[in-house]
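Two complexes are shown next, each including subunit A; its partner changes from subunit B in the first to subunit C in the second.
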Partner chain A sequence: MLSPAEWTALVASLVVGARAVVIGLPLAVATAWLLARAQFRGRALLDALVHAPLVLPPVVVGYVLLLTFGVQGPVGRWLDSVFGARLVFTSAGASLAAGVMAFPIMVRAVRLSIEAIDPGLELAARSLGAGRLDRFFSITLPLAMPGVIAAAIVGFAACLGEFGAVITFAANVPGETQTLPLAIYSALQTPGGEAAALRLALLSLSIALAALLLADWLGRRARRWTARP
Partner chain B sequence: MIDFDAGIARGDFRVDAAFAATAGTTTALFGASGAGKSTLLGLLAGALRPDRGRIAIDGELVADAASGLHRPLEQRRIAWVFQDGRLFPHLSVARNLDYGLARRPRGTPVRFARERVLEVLGLAPLLERWPHSLSGGERQRVAIGRALLAQPRLLLLDEPLASLDAPRRLEILGFLERARREFPLPMVYVTHSLAEVLRIADRMVLLERGRVVGAGAPATLTGRVDTPLLAGRADAGALLLARVQAHDADGSATRLDLGGLTLMTPRLDAAPGSEVRAYVLASEVMIATEAPRGLSVRNVLPATVLKLADRPDRTVLIELSCAGQQLLAAVSRGAVAELGLRAGSEVFALVKTVAIDAPAGGRMMLEA
Partner chain C sequence: MRGPLRPLVALMLLGLAWPMTRAAATASGPLVYAAASLTDVLQQVGADYQRETGKAVKFSFGSTATLARQIESGARAELFVAADQEWMNHLAGRALVRRASRRDLVGNRLVLVAPVASTLQLEVAAGMPLRAALGQSGRLSLADPASVPAGKYAKAALTALGAWREVESRIVASDNVRMALLFVARGEAPLGIVYLTDAQAEPRVRVVAEFPPGSHPPIVYPAALTTNAGAEAAAFLEYLSGTAARRRFDAAGFVPAPMPQP
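== the complex of A and B ==
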C-alpha cells in the first residue's frame, strides 16, 4: 500500500516523535511541577519561555534553534567540539525541533493534573516524614499520571505533525528528518505526487486519531485508578 | 513533651500563645473559628514560621525566632490528622498505613507496633480496601492509625470529627480514647466543640482573638462564672469527675459518687467503681431556698452560693459549692431578686438531668 519511500517517512516520523517524547517528557514534568508548585524568581519568565513556541511562527523557532544549535551557534559549536555531535540535518535535530514545539502542550497537560491534586495530600505526606523528592515520586507523580500519559501521547502526535520548525532547523532529508508532513510537502511539490500526498495525509490522520483515542482511554482508566469520592 | 511559647502576625491579626503538653495527655485547643487555632497548629507543625518565641518537642528546639531555627514539618515527627482524613487516594489502606511507618527516621524504635494499632483502631478488616470505598468514620480511623504508625512524638488532631455525623463522632471519640490509653504520646486536639473537649481533654487551652484567655483542666475551668468563652455559653455547666457507686435495685437509676456528693442519674451501663465524666448543664439546675417537697427531681443538694454573674441573655449564672464540688445554675434575674440570692446564701440545688459520659452507655451532648 505504501511505497518504500513512504515507509521510510513513516519510520522517520515515529523515531523523531518517540525520541522527542522520551527526552522531552521528563523535562516537561519537571517544568510543570515547578510552574504548579514551586515559588521562585523568574517563574513568570519560565512560563512565558515554555509557552513561546505556541505563539511564535514555527519557522522562527526553527531559526532560533539554528542560531543556538547550528554549527556556528554557541551550543552547537560546543556539542561539536566536545562530543563531535551535530544536530542540524539529523534525526536528533528533527526531534529537538519537534520536541520544542510540542513542549508547551506536554507541560500544560501535566501542569493541569498537578494543579488538580489537593495540596493537603502533600502536607499530609510531609507530616508523615516525606521529603520533597520523596513526596514528588510517592504522591504527586502517581496522582498526576493521567496528565503525564496524556502529555506523552498528545506530545507524540504533535511531534509527528510538526512542519515549520523541523524543516527550518533539520531540513528535509529523506530517511533522516523527512517526517510525514515534510514527505507530504515533497510529494505535493513533485508532479503527479497527489496520490502519494493523499495516502500520507490519511496515514497522518489515522495516527493522530489513534493517539487521541488512546489518550482518552488511558486517561479514563488512570482516573478510575486514582478515583476520589 | 511539648513546650510552646511563640507567636506570629497574620495581617493585622496576631496569634500569640504559650502552653505545654505532656505525654499521655490530651490538650484541647478550644476556641471559635478565627480564634487562631489553625495558626497555632501551623506553628507547632512547622507549616508556619513564628516571628517570636520558641517551640520545643521532647527538649529539642524545633523553632526559635531569635536564632532563625526552623525545622521543616517533615523532620519534626509530628503526625497530623486532618478534618478530611487526607488518605492518599492511589494507595490501598494498608499502604496508606505503612506510608509514615516506612519513612520514620533511621533508628527510630517502633513504639506503636502495627499489630497493636490495627487492633486498637479495628483496622484489620480494612487493609485491602481503597480510600474511596471507605465511610467517613473508617477514613478517620485509618488516618489516625497512619499517623500513629509514623511513630510521632506528638499527635495533632485538627477538628478530626468535624466532617462526621453524630453517631460517627461518638464512635471515633471512643477509638481516640482507646488510642490515648494504649499509646502514650502527647495529643493536641483542636476543636470548636465543647462536647468533644469535655469528653476527651485532660487540659484545655481557651483561645480568643489569637490569645490564650484560660488554661487548665476542664473540671477546673467549667463550673465557674468567670471563665472566658465558657461562662457565656447557653450550654455552660460543670464537668464533674464521678465514680459509679451503685445501681438501684429496680434498675431504673444509678448513683454517682462525687466525693461526698451523690447524684442520681437514669440507669447507666457502667460497672460500679468505674469512672465517668458527668456534665451538669447550668440550665438543668434549679435553685430553692427551702428544701422542696413533692417534686419529681431526685437530686436535691444543699449548696452555698459563691458568685453571681449577669449574662447577656438576661439570666444570672450562679456558682454553687456543694460538698466541695462546683456547680453552675442559670436562673432568671427576676428569680434572683425574688429569692434574694447573693454570695453566701444557703440554698438547695435541684439537678434535673445529668449528661454522662461512660465507656458504654450514657452520652455527652455530642450533637453540636
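== the complex of A and C ==
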C-alpha cells in the first residue's frame, strides 16, 4: 500500500513526534504550573515567550532555531564542541523544531486543568504539613492528569503536522527529518505525484483523527478516575 | 437579534465583502508567475518596462512546481516563466499555455559553492573526491533532487561525474534553491550546489567550481503565455525577449538560452 520511502516518512514522523513529546511534556507541565500557580517577576514575559510560536510564522521559528542551534550559532557551537552533537539536519533537530511549535499547545492544555483545580485542596494539604513537591505530586498532578494526557496526545499530533519550522531548521532529509508533511510537499512538487500525496495526506489525517479520539477517550476515563472519592 | 451581537454580525458581513473589494482594486496589469531564482532580475526588468512604457506588471515568485500547480487549478496568471521544461511540458500537455508563444528565455549555470571563509579547493570532474571534501560529517546542500529543478540538475551532474552514490547519504534537500544557498551561506553545510546567479547574489558564499555544461541537461527557463493571457502580457513577453532585458539578464549572470536539443 505504501512505498518504502513513504514508510520511512511515517516512521520518521512517529520518531520525531514521540521524542518531542517525551522531552517536551515534563517541561510543559513545569511551565504550566509556574504560569498557573506561581507569582514571580517576569511571569507575563514567560507567558508571552511560551505563546510566541503560536503567533509567529513557523518559518521564523525555524530560522531563529537555525541562528541559535545551528553549528555556527551560539548554542549549536557549544553543543558541537562539548558533546559533538549536532541538531541541524538531524532527526533530533526536527524534534526540537516540532516540539517548540507544539509547546504552547501542550502548556495550554496542562495549565487549564491546573487552574481548574480547587486551590483549597492544595491549601488543605499544606495545612496538613505536605511540602511543595509533595503537594504537587500527590494533589496537583493527579488532578491535572486529563490535561496532561490531552497535552501529550494533541502535542504529538501537532508535531506530526509541523512543516515550516522543520523544513527551515532541519531541511528535508529522507529517513531523518522528512516527516509526513514534508513528504507530501515533495510529492506535490513532482509532476504526477498527486496519487502519492493523496495517500500520505489520508494517512496523516487518520493518524491525527485517531490521536484526537484517543485524547478524548483517555481524558474522559481520567476524569472519571480522578472524580472517584 | 440582541443588541451586543449586532455589531459583531455587521463586522462579519463586512469581512465577507472584503475579498471582493480587494480583487477589484488590484485588477490592473497582467500577473506574471516566475521561478524563484528569477526574483531579483525580473523585478529589475519589470521596473525598466514600467519606466519605458508606463505599463505595470505584477509578479508572483515561487517554486516552479508550486506555480505550475496553481496555474493548473485556475490561477489568473497570464505569463509563466518556469525553471525547467518538465513543468512547462506538464502545462502544455493540459493545454493551459499557448504553444506558439512558448520560448526559451535564458539559461543558467550550475556551480559548487562553499562558505566564503572556506579555503577548500576542488576541481569538478569525473572521480573528484567530493565525499572527502565534505569532511567527517559535513552535508552537501542541494535543492530537493526529487522535485526542484536545481536539485534535479545537480543530481544529474553528480551522477554523470560518478559522485552521486558516495554523497547520496550526505545530502540535505531544501524546498528551493535559495534555501540550499542559505545553509551554505550560514556555514551549516560546507558545500552546496546552486545556480551561478544565486551564488552571485549571496556575498557569504564563494564559487569553488563550475560544473561542465555537458554534465547535466541544459538549464533553461522556458516562458509561455497562459490561455487567459491578454495583449499586455504578450507585449511584456516580447520585452523580456528583447535586448534591454537581455542586458539585465547578462548582468545578473544568466547565459543565453542554449539551442534546443533535437
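Assume the second predicted complex is superposed on the first by the 227 of 229 C-alpha atoms of A that agree within 3 Å, B and C clash if a C-alpha of one lies under 4 Å from a C-alpha of the other, contacts with A are read in each partner's own complex, and residues count from 1 in each chain.
Convention: a contact is a pair of C-beta atoms (placed from the backbone, for glycine too) under 8 Å apart; a residue touches a chain by one contact, two chains touch by 3 or more.
These numbers come from a predicted model, not from an experiment.
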Fit-or-clash call for subunit B and subunit C when the two complexes are aligned on subunit A: fit
First (subunit B), second (subunit C), both or neither touched by A:D118: first
Touching partner for A:L27 - first (subunit B), second (subunit C), both, neither: neither
Subunit B versus subunit C as contact partner of A:A130, first or second or both or neither: first
Subunit B versus subunit C as contact partner of A:L143, first or second or both or neither: first
Which superposed partner A:L46 touches (first subunit B, second subunit C, both, neither): neither
Cα-centre angle that subunit B and subunit C span when viewed from subunit A, reported as a multiple of 10 degrees: 150
Touched partner set for A:A208, first subunit B, second subunit C, both or neither: neither
Touched partner set for A:Y185, first subunit B, second subunit C, both or neither: second
Per-pair minimum CA distance [subunit C against subunit B, superposed on A] in Å: 36
Subunit B-touching residues of subunit A, taken from the complex the two chains share: 118, 120-121, 123-131, 134, 138-139, 142-143, 225-229
Subunit A contact footprint on subunit B (complex, rising order): 45, 47, 72-75, 77-80, 82, 84, 86, 88-90, 99-100, 103-105, 130-132, 146-147, 150, 156
Parts of subunit A lying in touch with subunit C, wherever the complex brings them together: 66, 70-72, 86, 88-89, 167-168, 171-174, 185-186, 188-191, 193
Touching residues (chain side subunit C, partner subunit A) in the complex: 63, 65-66, 68-69, 86-87, 90, 137, 139, 141, 144, 146-148, 171-175, 179, 183, 186-189
